[in-house]
Amino acid sequence: MNLIQKARMKSPWILHFNAGSCNGCDIEILSCLTPVYDIERFGAVNVGNPKHADVLLVTGPVNRRNERVLRNLYEQMLDPKIVVAVGTCASSGGVFHNCYNCLGGVDKVIPVDVYVPGCAAKPETIIEGVILGLEKLAKMPAKPRPGRTSAEAEKVEAER
Amino acid sequence: MARMLRSVLRNALSKPATRPFPEAPRAEFEKARGLITFDCTDCRFCGACALKCPTGAIRVVREERRIYFEPFKCIVCGACLEACRFGSVRMGPERRKPVYEKPVEVYAKPETEAEPKPPDPGA
Amino acid sequence: MSWIDIGLRAFLAVVVAPWVGMLLVGLDRKLSARLQGRVGPPLTQPFYDLVKLLAKQGDTTSRFQTACLVLFLASNVVSLALVLLGGDLLVMLFVLAFGAVAYIVGGFSAKSPYSQLGTQRELLQLLTYEPLLVFLAVGIYLRTGSFLASAAFQRTEPLLPEMPVFVLTLIAVFGIKLRKSPFDIASSPHHGHQEVVRGPLSEVAGPSLALVELAHWYEVVLLVALASLLWASPLWAGVLVGLGCLLASIVVDNVAARLTWSWMLRFGWLVAVPASILNLIYLYATRGGGG
Amino acid sequence: MSELAAVQGIERIEDAPLEGLLEAVRAYRDRRARFITATCLDRGERFEILYLFDEGLKTVAVRTFLPKGQRLPSITGVYLCGFLVENELQDLFGIEVDGLDIDYRGKFLVTNTFETPPLLKQTTCELRPTKEEPS
Amino acid sequence: MSDATNVPFGPQHPVLPEPIQLRISLEDENVLQALPALGYVHRGIEKAGELNDFQQNVFLVERVCGICSSIHALAYCLAVESAMGLEVPKRADYLRVVWMELHRIHSHLLYLGLLAEAFGFESMFMEFWRIRERVMDLLEMTAGNRVIISVCTIGGVRRDIDAEQARTIREELPKVREEVQRLVDALLGDYTVKRRTAGKGVISGQAALDLGAVGPTLRGSGVAQDMRMAGYAAYSELQFQPVTFPDGDTYSRTAVRAYEVFQSMDLVLAALENLPEGELAAKFKGRPDGAALARVEAPRGELIYMVVGNGTKNLERMRVRVPTYANIPALLSVLPGCEFADVPVVTLSIDPCISCTER
């Protein structure tokens, strides 16, 4: 493993987005930050800013209004990046599969790298999911993506 | 602030509350709702589990005598367990692990029991 | 000072200091975690963060802001070099302020409202800590008769017993500069947990953000070096004073909530500044004694 | 079945014609009852709307019937906090509310992507695949 | 000339775990106006409640919100039971109280932590959440899941608490209590915390009633109203006094929740003490026909379920009115005039739960 891969493995900055979840999985993600689970042991911090994040944790079945927000957040994250769908409803819609306003899973909107099961997903499972995702992240080529011009960036910002 | 100072200093001096997670995972609680699996030995493919499932995670195809189960739809509520009168649904405390691709699990009767049993008239 | 000596010090300031700073930042995070009852990240965590940021692609930061951040980084490096080379503290403060202004100008250039608001607060922070540092320099002048850092370094008697207030103001400056409670109003270093997200850095990403992290490493060493002026011989005592200030600011961070900018400004100008002035008056009055 | 006979847990239901609705609601306000919420049912030709109030832990209700297509007067003049539920009625039942204080114009909860308001009986989501399984 | 800056606060914002957008107009750093933009978590659960059969709905309503999920299930079950005229066994009533109060403890500890987080008091957040884990362990031990505990079912409860587990709870709670007591003293007595909470977002008792506020928001304004006083489940047989604080500010609302943690612990212990023997759930036949309304006290306030049955396995209508829904008007009334830095703190002080608000 070269240095860059190692650094990626050891420094996952997390962005958490709630795409219409019931909060069950969200509070479990928060639990991951707290002393008993302490995901910072793996270098993970919750950055709250898509531009700084490497890992997008999404909970919830994605509804018709936050679909666009989710897509924008994903766009704003710089490569390489991974998406982790946390919880059953983020994976497939789960119990909200017949709700009219739900799209039924994150993978309907953006590509998902890791699915974390559970309703609510337990903190241990979430940590495992992030680690599993990092293995994928480390191997990703650092493919150059043309930086957005500031005009484009503004447009995205305005839509947000 | 003084009270909090005591509290943080105590933390600094004692062992961290962190569980050594991936290295030494804690045993699951005995009654934890974890993995749903099927044991089709006695299954009649009646579909009661599928009907009661609030998420549509189970698909019972009678003609094929198979159960298609999508664990990433399942919320481990246990409704199928309560619905099955033949004890074919199992729930264990183990935690399901994260994956790259969502699987569909297929359960069928063990080969020896290939001959379909007649439906239970009493039901 | 011989050329070798100068070369050595410059090497220390430019090449060794960031590594020390990296470890100090790592220590900061580890220690905060331990105070919160957690294990925390490894000490070398900031290093991995930096490498990862550098390896990120498609930086969306505007060119102008990146340029400002380069200036910010450079000013931190130069300031540190100035202190270690025994240069003029006032020049050092000017260079430092110049870097901070560059940082602020960069923040204002970004369109995001969070960036705007955060930068306004950054400006207020500058207004709070800058006078405190100037007073520190004046205090050192009153005792050593010179604004040169070398004068402080060459002093055999410690300055600290006569300048106790400045330890406290330095802890506050540590708190402000390292964005710790109760002063973390513009952005907090490793948590975007507040109303303006990461303030001036909201739009900064990837390699440009790495510049900020790197500047941060220099900044920590610079602050420790400044604090060590108060007890310059033996030098290890001064370093201990610096580390003590850092430690104190970490502990304060963990026992206090974030307050508002108006509180910070009031604290700075109604408490810290008058206290500094009192200490200066004392220094002035007893000028003959200390030599 | 076109109206509720009685509701367990609601102390009394007082019927008010559409024109008298505000009067009836104001009477509760004068008695210092706390407004809880409104509930709407799609009854085919008309809507059945219950306004629920709390009177010392007891629940009481004012009911009105709104023929489809007619506009509903807003109670925000009496109870300001009614604006949330009235916006919801606009969104989910397609009822137009008159004199709404803070009006999201039918985009409060949903983005307009439904042909018919979602909570009307005629709107059916696709049934789930399991329901089609023989049992 | 007013040069108001408009700041969209959310929908993705780190201090709000949930996507709600507050459109805030600022003048310098003072809030002129705040309007919520909702709909980011609207799923359509009320409709799904008509599509599912009425027993599956129990699992659905638990996921209206994960934080007091079991209380949603309880309210729904109470409504259906009363529509069907079902008698719930006594043991089930007491077990329900145990689980509901454990849930309230976890929810309030969560709130206290998040509030500390909102004003950057990291270590306090960590401390509250560390202690909360012990309550989560109790929940997982008895119910098999940490957050969505799924214990209520129509007619009673689905799980039992055996003597062994009851003993563990009895031993654990006093220890948790001691730690929480220490922390609550540290929180409520702290200078910096007082600076950030006292006098912020003041809602008077009368205004709270007029705006329809409920739960700790109402009790924090000095109004003693708590649905548990109405005596559903076994509450009528357990002694308790609603906690109130008079000032109506963020500090009072926080204090109400802090002391309710202790109250809930007492209720859990009392319920375990008096736990009668008997059935766990009443057997029933038939389908709900007729309507019923149930009001319960969720951690954030009064929660209301109304079900209308029509004799089929699907309900005619399922109506949910959640506490945050009732508290939003009160919140909106106090935001103008706040400093921008106080917006997250004041917003959190009603402990908003958007996911249930929008369903």
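Chains: A, B, C, D and E, in written order; residue numbering restarts at 1 for each.
The rule we apply is simple: a residue touches a chain if its C-beta (ideal position, glycine included) is under 8 Å from a C-beta of that chain, and two chains touch if they have at least 3 such contacts.
All of these numbers come straight from a predicted model, not from anything done at the bench.
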Neighbouring chains shared between chain C and chain E, ordered by label: A, B
Touching chain B and chain C alike are A, E
Going by C-alpha centroids, which chain is farthest from chain D? Tell me that one. C
Any idea whether D-E or A-E has more C-beta pairs in contact? A-E
Distance from the CA centroid of chain A to that of chain D, rounded to the nearest Å? 38
Separation of the C-alpha centres, chain B versus chain D, in whole Å, is 40
Distance between the CA centroids of chain A and chain C (whole Å) is 34
Quick check: how many Å separate the C-alpha centres of chain C and chain D? 59
Would you mind listing the residues of chain E that make contact with two or more other chains? 8, 13-14, 39, 42, 44, 47-48, 51-52, 59-60, 63, 123-124, 126-127, 130, 133, 145, 148, 190, 192
Contacts with two or more other chains occur in chain B at residues 1, 4, 8, 11, 16-18, 53-54, 56, 75-77
Check: chain A positions touching at least 2 other chains come out as 34-36, 38, 41, 46-49, 65, 94-95, 97-101, 119, 122
Interface with chain E, chain C side, in the complex: residues 32, 35-38, 113-114, 116-117, 181-182, 184-185, 188, 191-195, 197, 253-263
Considering the complex alone, what residue numbers of chain A touch chain B? 35-38, 41, 84, 88, 91-95, 97-98, 113-119, 122, 124-125, 127-129, 131-132, 136
If you look only at chain E, which of its residues touch chain D in the complex? 35, 38-39, 42, 44, 46-48, 51, 79, 82-83, 209-212, 225, 227, 229-230, 290-295, 302, 304, 306, 308, 310, 316-317, 319, 321, 325-326, 328-330, 358
Quick one: in the complex, what on chain D touches chain E? 1, 4-10, 32, 34-37, 39, 41, 52, 54, 57, 59, 79-81, 83-85, 92, 102, 107-111, 118-119, 123, 125, 127-128
Taking the complex as given, what residues does chain C use to touch chain B? 31, 33-40, 251, 254-256
